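Below: one structure in structure tokens.
Residue numbering begins at 1 within each chain, and the chains themselves are lettered A, B, C and D in the order written.
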Amino acid sequence: MRGLKVVTIGGGSSYTPELVEGLIKRYDTLPVRDLWLVDIPEGEEKLNIVGNLAKRMVAKAGVPIDIHLTLDRREALKDADFVTTQIRVGLLKARAKDEHIPLKYGVIGQETNGPGGLFKGLRTIPVILDIAREMNELCPNAWLINFSNPAGMVTEALLRYGEFDKVIGLCNIPIGMRMRVARMLDVEAHRICIDFAGLNHMVFGLNVYLDGENVTERLLALMVGEKTPGLTAKNIPDIEWEPEFIKALGVLPCPYLKYYFQTDEMLREQQAVVKEQGTRAEVVQKLEEELFELYKNPDLDTKPPQLEKRGGAYYSDAACSLIDSIFNDRRDIQAVNVRNSGAIASIPAESAVEVNCVITRDGPKPIAVGDLPVPVRGLVQQIKSFERVAAEAAVTGDYHTALLAMTINPLVPSDAIAKRMLDEMLEAHQAYLPQFRQSSHSDILD
Amino acid sequence: MRGLKVVTIGGGSSYTPELVEGLIKRYDTLPVRDLWLVDIPEGEEKLNIVGNLAKRMVAKAGVPIDIHLTLDRREALKDADFVTTQIRVGLLKARAKDEHIPLKYGVIGQETNGPGGLFKGLRTIPVILDIAREMNELCPNAWLINFSNPAGMVTEALLRYGEFDKVIGLCNIPIGMRMRVARMLDVEAHRICIDFAGLNHMVFGLNVYLDGENVTERLLALMVGEKTPGLTAKNIPDIEWEPEFIKALGVLPCPYLKYYFQTDEMLREQQAVVKEQGTRAEVVQKLEEELFELYKNPDLDTKPPQLEKRGGAYYSDAACSLIDSIFNDRRDIQAVNVRNSGAIASIPAESAVEVNCVITRDGPKPIAVGDLPVPVRGLVQQIKSFERVAAEAAVTGDYHTALLAMTINPLVPSDAIAKRMLDEMLEAHQAYLPQFRQSSHSDILD
Amino acid sequence: MRGLKVVTIGGGSSYTPELVEGLIKRYDTLPVRDLWLVDIPEGEEKLNIVGNLAKRMVAKAGVPIDIHLTLDRREALKDADFVTTQIRVGLLKARAKDEHIPLKYGVIGQETNGPGGLFKGLRTIPVILDIAREMNELCPNAWLINFSNPAGMVTEALLRYGEFDKVIGLCNIPIGMRMRVARMLDVEAHRICIDFAGLNHMVFGLNVYLDGENVTERLLALMVGEKTPGLTAKNIPDIEWEPEFIKALGVLPCPYLKYYFQTDEMLREQQAVVKEQGTRAEVVQKLEEELFELYKNPDLDTKPPQLEKRGGAYYSDAACSLIDSIFNDRRDIQAVNVRNSGAIASIPAESAVEVNCVITRDGPKPIAVGDLPVPVRGLVQQIKSFERVAAEAAVTGDYHTALLAMTINPLVPSDAIAKRMLDEMLEAHQAYLPQFRQSSHSDILD
Amino acid sequence: MRGLKVVTIGGGSSYTPELVEGLIKRYDTLPVRDLWLVDIPEGEEKLNIVGNLAKRMVAKAGVPIDIHLTLDRREALKDADFVTTQIRVGLLKARAKDEHIPLKYGVIGQETNGPGGLFKGLRTIPVILDIAREMNELCPNAWLINFSNPAGMVTEALLRYGEFDKVIGLCNIPIGMRMRVARMLDVEAHRICIDFAGLNHMVFGLNVYLDGENVTERLLALMVGEKTPGLTAKNIPDIEWEPEFIKALGVLPCPYLKYYFQTDEMLREQQAVVKEQGTRAEVVQKLEEELFELYKNPDLDTKPPQLEKRGGAYYSDAACSLIDSIFNDRRDIQAVNVRNSGAIASIPAESAVEVNCVITRDGPKPIAVGDLPVPVRGLVQQIKSFERVAAEAAVTGDYHTALLAMTINPLVPSDAIAKRMLDEMLEAHQAYLPQFRQSSHSDILD
């Protein structure tokens, strides 16, 4: 059998060495022959830096993976087996605006399920839908594995508006929660299994098992007094959960839940941090610059440990595990973003959910969980409504639909503030939102 | 056929003259022979004042309705045909606490779907479940028509935990919205028909018809610039909707929606009003005192016009219309709170919803609307989750369940604030929450 | 206001005098100005006979309804208010084949939900979809009221494949069941109300009310010993239900249910009848010839009583009531075929059902019944599957889809017999099935 | 860790050596310390014969499994880890009646989803519910694995009426279909994976994969001309599918589907076979007698090859695999009968389905398949209705409910025949149906 062709769009990302390391480690069972790193002209310099590091890494490891660097996406996609997308339309400068502008209005930006996430989605979805269209033409048997945030909204858009069905949205939160639980219980991670269900960045561990035994209650009790239960992401402030609340909730929350159940505290924390260090985008910007300085070093031929500060822990693991399980038909369980198909009762069957799936060569098959606990069902539905309306706005470029998405976001306190934020953000991101130019509100954009 | 026996629990309420007036007006088709006004010992004085006014009203009108005043609920319920409940456990003093305490934490109290409503529910539900139990024994063929707020939560509790199925929750909001729409379009109200669907105080007019023609879009356009679209309730501040948002929403919102889509503005307005005039409870307290002064006047033998300021406009109309339509099998359409049975797709079939029903002698039959618009589906689900968890807390007296209900309420900004409000309110209302005394958190209550 | 324009496609039908009589009777509240009777060239002679009778009828009645006879459907449809379809593609000759051919294989033909109904659907659906397309262009505000059988399958096809949404399928079975119940209880029909739910010719009376009181049990007891419970249609043999079964069922069955729960007896009865009198199509053919002889009589200026033998009792009533209730926004309850929208839980929301609706100017609004009784849920689902697959076959002309529809029909005993019947019927009806000519199995049709 | 305690109720069955062989083979990973074989007094002789063979088998194999023979079920259940049930209430004599009586009425008996299955269920369900109650008390952490037919109906009864949740229904049909597919494609079975979904004995292979590649279409084409596609069970006559129908169906049918889609042919075949050899029960009776003669041989210390004729191929494999996967938390995929939980859209969430599950230490977790193909959805629903009504009849002993179950069975042609069969079978099985003795129809039973 010939080796695999893997294509990474947004290949100039600072995360790429993680992926390369993962592929090297798994080479024996996942024989990748060609890794194509694709980027846009603006990203060419970074692509070359990262690409050359990748070449040194495979050379050092002695595995016969060919690294290809290109700005020609169609050439790369041709006959691909797996396509991963880790794009950032508008780069970190756009993310900084996603975070800064809402804060001016006393609102958390939140680049996935918040107002910032809305704009990240509006910029990203049309590009990913284009990629899906090209895949349908150039590599119809490949799998599209999307890491680009907001991963839930992007998957929703791909499932509802895409011409290409073999799509999986991937996030490092579930794997991070599992690692964290393992540390809390002081056991190896492979002994832990969690029934994940919900949406991207709004996922719950319905049951936690240690060696197959249900230890959920014990774990929730351990979380009392813990400062950062279930917390994995570098970008989420450390605020203690109210212990009685966690006990009452009865399921393991993902760290992003704090945005909704500790809104005030999170906002104040974020405002304080921004005052001191700038937005997360600006922090990351600096980290990235430092990383690329390191990457340039012609003697560097392994992933530098500094990359771990970047916040994408386990991304590579998540991605390589997924590709490996598909390729080898491993039938193991991973939590990914896929079409619901009834796995979660109160979410529409055709919508995207983040849920435990059996990963087969035929793709992920979601495990039915019945329904989410009553207390969180409403909030989950609200985020799903937000994702659906936002995805529609991204595709149609309709101003009113975008306003609706903004207003119904649970972090946004009023229709008036929604409108003001929306207008300012449409203006600020105008270069990356061509679909809104023909809109009836084009005056807003001029 | 013998005349009807109607029982009003909480008969000493200042609203009672509305009801009496309604029954007098409809006497020809709704021959009530006995109206029993029931109250508790603490309310005896008011009961006598209101009851004597009621007697003078029927005497003046010349209709043979016998008014009975009693503190013996079981005697009253025996063989009743219709039982209405308009109780206020803890009286207006408790309501004042429901409003005051949350405001101390920067949270809107909101006596139906907010933290205040949670406590009103915790106090009210056990009493109404008792009434349902007695009805099952003493008048199993009667209908229970509940006006007591939070009407949605109470109906949910009756449907899930009650032993008595013939229950209908009633609210004046839908009828008020219809009246308001009629005024906006400058037509008589009977020419307007609205497809109502949602939950109590979270209901939407999906379509608005004038003489059967769909005029929704035209109406939403009229709302632009209006200060109080759809506003009926005296207790909700007048804040303008963002016109673009209303257009985007595409359906007629009920006034309570402002609490969720104009949270900040509503809070500020409420804080200002309270500073100036005290809480709504205190305003109402004063109005009530004035009303009872009027009611005492032995020359008064009709409903005094001042009652209309009280905020319960159309309640009598709503109640009498409903009783009349059941009794006469009128098969007209009214929006009431009943078991969903699939009428609204994304709400569980066994939950309570507020939806257009055909009113028959066999009770209300809900009209299927398919589903609510995507943008509001999440918020509606969230209120439904709140109602369900709150109803469970009311029945079980479980502290953690109550904390969950408080925390998931969309007006509550964090788990920590939820806990502090909950603890203070449990303490403040302790006399009316016997079910929480045996709770594992009884220390909180001592 | 100008009078209404009503268009009847298949206007040359022997039923038309029923409709004309109904419109005359209701003229005061339903002011029809123009009645257009449309037919195809083959039907021109009958159209003229019936049309002239219609003209004499309105003249005699002294109402200013203009009767127009035409073969030009587009001219007729232009600006219509209501369009009724009562077409019979292939005429009674085709129906005779629908009945004869299955009997050769020991199978009941059954022109609605049986193998005969499959072929009637394959012939009829493309024509009705054409009419819907033309209405979308020529009279987009009109309502399409379809009487043509199989009414459930046709409504399913219109809802799934049509470009026109204002469609209602109409059947005389529910009104006939109500009349029958009134006779059994010896009361006037208007005092009876039945909660109808199910599919066309597979509808159930979930509850029966007399003056609003639930008398279902009493009625089912009356059916014991009755030879023809719920029986209305002239074309269904009189076989006694097993009394214990009816009691166990607990709901009022429609007469067509006998085809599924008395299959053997119905088949034997039908075989005996056919031997003696020919198929129902042939009986009807003779009746029709006699009727047209009567209609020709220039002295006849009212509906002749002989028409009632024809089997379409109450069709006119059903149709005129429906039109009247829409036009006058009467909000009364009628059982019609519409999109389910959740009214019946176990049928897909987007499928057609026959269910009680409130009839408004905005069309019928289905009343939610929760779910059908468990015992009949499966059979109903099976007929729905048959309708869906058959509708798909009618639209696509796909041989395998047609074979599937035939095989899954509950009256068909095996795949082998299904194939043989299908092939013979495709051949026999080939002139009326143009969509199957390009099929991969076109050899079968040559 | 101590070894496992496995309890087999109905341990005197001729199948037991299969199970013993399976446990011996897997001893290394599935360390069973105690195997308790339980039977009733009437079965004591067989229990001893089989039990002694089992003892010789483990001795020969040299594994330290202790075999315990007992008539005291409670003693056996105490602290069990796994309990399997393979009981036959009324023995093969009762089965013979289940088959003979329907044939007299021209109806296939069918011991699972037919009239025979109804009676097998009525006899078996109360016994299994008793076992579940005892397990709840004596071994609440054990798993109940039921093989007794009708496995779907029994699982439905356990889930709806049982006090014990850890129940799994097991059938050898899915594993048999997989073996058969492997033979048809001439590959090893482990390379084949099938997406199973449906009900017990009404299960479909929605997709068939070879090494992860979807080969469904290719396989269905292979079935053309095959005499026994998907056929595994010895007891189902070999009749060819109509090739066009299989192609149209598009999914792999289980052999039992022939009863519904080849009803006539199956009936004739069965009648012919019975004439020649007696019913399957009688054939099996003879086989069993021969087997027990063999088992008595004190020199026999392995499973005799003759057992394979008995028809339970793969049962041992299925059972041991399931126990092994639970014990070792293997997370592999097996098709078993469990609570649906949304895995199959058109079946109620709380009903039993047969569907692919991931087998974990925490039990089977069903994989969501969305929905079954439209063409079979109705038939599946009908069997589910049959199972539900039959389970209710088994628990309540209500005559009318039993009549309903019999009449709605798709193999039963009419209500009259249903009643006659029911009455004769109630009489014939009266000794094993104590719950029907107090029924209002007790006259029938005297």
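Keep in mind that, in the parts below, contacts are C-beta pairs under 8 Å (C-beta built on N, C-alpha and C of every residue); 3 or more make two chains touch, one makes a residue touch a chain.
If you want to know which protein each chain is, UniProt gives these names: A, B, C, D = 6-phospho-beta-glucosidase.
Keep in mind the model is a prediction, meaning the values are calculated, not measured.
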- Task: Would you kindly say which chain has the C-alpha centre located farthest from the C-alpha centre of subunit B?
- Result: D
- Task: Report which of C-D and B-C is connected by more C-beta pairs in contact.
- Result: C-D
- Go ahead and note the Å separation of the Cα centroids belonging to subunit B and subunit D. 54
- Message: For subunit B versus subunit C, what separation do you get between their C-alpha means, in angstrom?
- Response: 45
- Task: Name the residues of subunit D that each touch 2 or more other chains.
- Result: none
- In their complex, what parts of subunit A are in touch with subunit B? 241-242, 244-245, 247-249, 261-265, 346, 374-386, 388-389, 399-401, 403-405, 407-408, 410, 413-419
- What residues on subunit A touch subunit D, complex-wise? 193, 195, 207, 209, 211-214, 329, 331-333, 340-345, 349, 356, 358, 360-362, 365-371
